Amino acid sequence: MRKRIDAAQLRQLLSDNMRIMIGGFMANGAPEGLIDQIIAAGTKNITLISTDTGTPEKGSGRLIHAKRIAKLYASHIGTNPETGAQMNSGELEVELVPQGTLAERIRSAGAGLGGVLSPTGLGTPIAEGKRIIQVEGQDYILEPPLRADLALIRGSVVDTKGNVLYKGTTQNFNPLMATAAKTVVVEAEQIVEAGELLPEHIHTPGIYVDYIYQREQTDA
Amino acid sequence: MRELSKQQVRRMIAWRVAQELHDGDVVNLGIGLPSLVANETAKDMEILLQSENGLLGMDGLADSEHHDPNLVNAGGQPITAAIGACSFNSADSFAIIRGGHVDVSVLGALQVDELGNLANWIIPGKMVPGMGGAMDLVVGAQRVIVAMEHTNKGRPKLLTRCDLPLTAAKQVNLVVTELGVIEISGQGMLLRELAPGIDLETIQAHTEAKLHLADTLKTMPIPNDL
Amino acid sequence: MRKRIDAAQLRQLLSDNMRIMIGGFMANGAPEGLIDQIIAAGTKNITLISTDTGTPEKGSGRLIHAKRIAKLYASHIGTNPETGAQMNSGELEVELVPQGTLAERIRSAGAGLGGVLSPTGLGTPIAEGKRIIQVEGQDYILEPPLRADLALIRGSVVDTKGNVLYKGTTQNFNPLMATAAKTVVVEAEQIVEAGELLPEHIHTPGIYVDYIYQREQTDA
Amino acid sequence: MRELSKQQVRRMIAWRVAQELHDGDVVNLGIGLPSLVANETAKDMEILLQSENGLLGMDGLADSEHHDPNLVNAGGQPITAAIGACSFNSADSFAIIRGGHVDVSVLGALQVDELGNLANWIIPGKMVPGMGGAMDLVVGAQRVIVAMEHTNKGRPKLLTRCDLPLTAAKQVNLVVTELGVIEISGQGMLLRELAPGIDLETIQAHTEAKLHLADTLKTMPIPNDL
């Protein structure tokens, strides 16, 4: 279990001005325990990559509410009034990215590709100022890869080698972000011995995971 | 036709959209009015609901007894999965969507125009929720159906040209409202059905774009119990 | 089980000059029963997409041996002497594609993307005549999507809705090809009732699968 | 040093390459000589072997008793999986490779040159096996080690410029042969180690490229039992 870290070790990984990816979709599958630690550590001026900003009370949106985010890449911010308010006041810079494009930009970074050629957003403000590449007579927007210093993800079952299985709809952006950051921390709902997950059931190979964190049980 | 309540109007639109679906269709329903379509499909028809956050085979909203914290829809609400459902990550979910593997995408709109342009994600200076998965859904689905009330506080939403920023260009195939069913054709807006009790003058008065009449203009069917 | 087909129905799907993708890696995870049916049906002048050509006796290489292939896209042909011989004699046109690029070209077709921006092959004959796109100061080769009329894949466990799980190393190109062809047939090692596979264990969603085929048991 | 058999030469090279690996490294070994490196790593070191056909955590070749028809290596041979192994499709496998998540790729070569260019997939008109996964592996791995015999029937394989079609440009980091260990540096080929009993004249005579001497030229370590 050499990959396990506690809250103190986790905070050593955090610093101001970092570029952080956080998994979850409307906070479903979001690593709430890791978000707790960012808040407790006081880390600020973060560039956040997250498909939505949950609510002020749930998921990555808590970091918006706590005013830790300077720049945001997201596909949807409508469920968190704080995000819109800080954007309008100029405190927060927001780049809106179509959800499928966001997923592929992250995947392409992890896969060593030069970005994505997507038809999504053609003829809309999303295409403005971007390169349009024609392939076989069709136009595509060239969207560059998106990577981060740190990815914080959540896994339903994590084995001691760092292999991750996500239950239900909690996969969302988690397995993609695991491939695209210099350092990856998974918050484990449950930790099992290596070998308990079948090779073909694993969504995220353990080589992508640097550290495994489990939220301290405050309720004894 | 007697005056319908807001709820009845929404149900009428959702029911009519459901008649457009075929057995075995893979369908994505937007939040709000479009999500009501799920309740209106024929019971002997198998419709596979895709939820863009990562599930194929969405069943319905979960009651407190069946609540699984690991299973939500694209609105973040707890749901149940149908037998044979499968889950996947967001790249694979949008590969299904963008790759043309969704038969029908049903969504709401702020504006639709004669070219099939759609605006539903931003009102500059007023509302900037973000596009979420809508841009991919409109570009990728085989058929795009807009399900919405015909006007917004009396102002037409079916326009000659959208003036709000677009969600996608030239992708809408059909619009269903409480006044009628309109196909977006190469020649503009083609009125295919008129709701019971609505005449041509009324629907055109509530539509900025010019409505062309289909050769076989029909009365829009509505649920028996409405 | 409305998706099940027998050999006679399968042959109805075949025609000369088709573009067919066949899964498997050195015949591991290859749909041998479906390949049997192509051979029995006499289908010819096929464009084949397959990562390798196995051997003359195993996997997609059997179709080379039977002289049914006019054009081949593959990453490796060295294990099947027939492939090289027919290429040298001019009977068979071969386009060699790096294995990772082949995988992404197929994936991009299934995902509605305009191809792939790959660094693989820069400065080699693979880059010749292709568009080079620079992104963030790095060169990438633009490789177009690759699709087919028919994909023939093999699944270890297939449920009655067409959902597929692949055991061990039998995934390889099978789940990618399932997304990129007009018609997809899976050869099932085992068929189970829908619901027996957990949603998070499924590799290929049933919507990609048009037909399920099971090899007839000749040994009674 | 006494004359070594072909098998001893191959083992000596594989053993020396194994000394380049670190605990926890993710390693891809090509077929042939490179595959022998797996047998030579220190027993207390954990090396994760990636097999590009779709497995991380390859163990070894399977004997007939443990033979699982669903589990093969990139050469198509039956293998066993280590505890904690995981499998994946070819797109995800090459995302691991191309994305820089493999620490070391060890492969053979027909030619390597001063620029770190590598040729190992084709001899026009003679041998066209195809590149398989080699081009991705050489571009994607953090470190590329070529493990090969120094010459081919007496002809040098370490050249000023490759004349065979390249597998990848400027990607090779280190070359290990039975004569020595050569680093590809900004200034060309840097001789770091000389095999026991080999002198500078001998290795240069078998090398077309000019060999520069490292400040600290060492004797190449070899296995104790060789």
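Note that the chains are named A, B, C and D in the order they appear, and that numbering of residues resets to 1 at the start of each chain.
FYI, a residue touches a chain if its C-beta (ideal position, glycine included) is under 8 Å from a C-beta of that chain, and two chains touch if they have at least 3 such contacts.
Predicted model only: the values in this text are computed from it and were never measured.
Contact with chain B and chain D alike is made by A, C. Of the two interfaces, C-D and B-C, the higher number of touching C-beta pairs belongs to C-D. Chain A and chain B have Cα centroids lying 30 Å from one another. Mean C-alpha position of chain A lies 33 Å from that of chain C. Distance between chain centres (mean CA atoms), chain B to chain C: 36 Å.
Among all residues of chain D, those that touch two or more other chains are 55, 81, 87-88, 91, 94-95, 97-98, 139-140.
Shared interface positions of chain C, i.e. residues touching 2 or more other chains, are given as 104, 107, 111-113, 118-119, 166-168, 171, 199-200, 203. You'll find the chains touch as A-B, A-C, A-D, B-C, C-D. Chain B contributes residues 26, 48, 55-57, 81, 83-88, 91, 94-101, 139-140 to its touches with chain C in the complex.
Here chain A touches chain D in the complex through residues 107, 109-113, 159-161, 163, 179, 194-195, 197, 199-200, 202, 205-208, going by the rule given at the top.
Contact residues on chain A toward chain C in their complex (touch as defined above): 104, 108, 111-119, 133, 135-136, 138, 140, 142, 144-145, 165-168, 171, 199-201, 203. Note for the complex: chain A touches chain B at residues 25-29, 51-52, 74-79, 84, 87, 94, 96, 98-104, 106-107, 118-126, 156, 166-176, 203. Across the complex, chain D meets chain C through its residues 51-55, 68-72, 74-76, 81, 87-91, 93-95, 97-98, 117, 122, 127-136, 139-140, 165-170.
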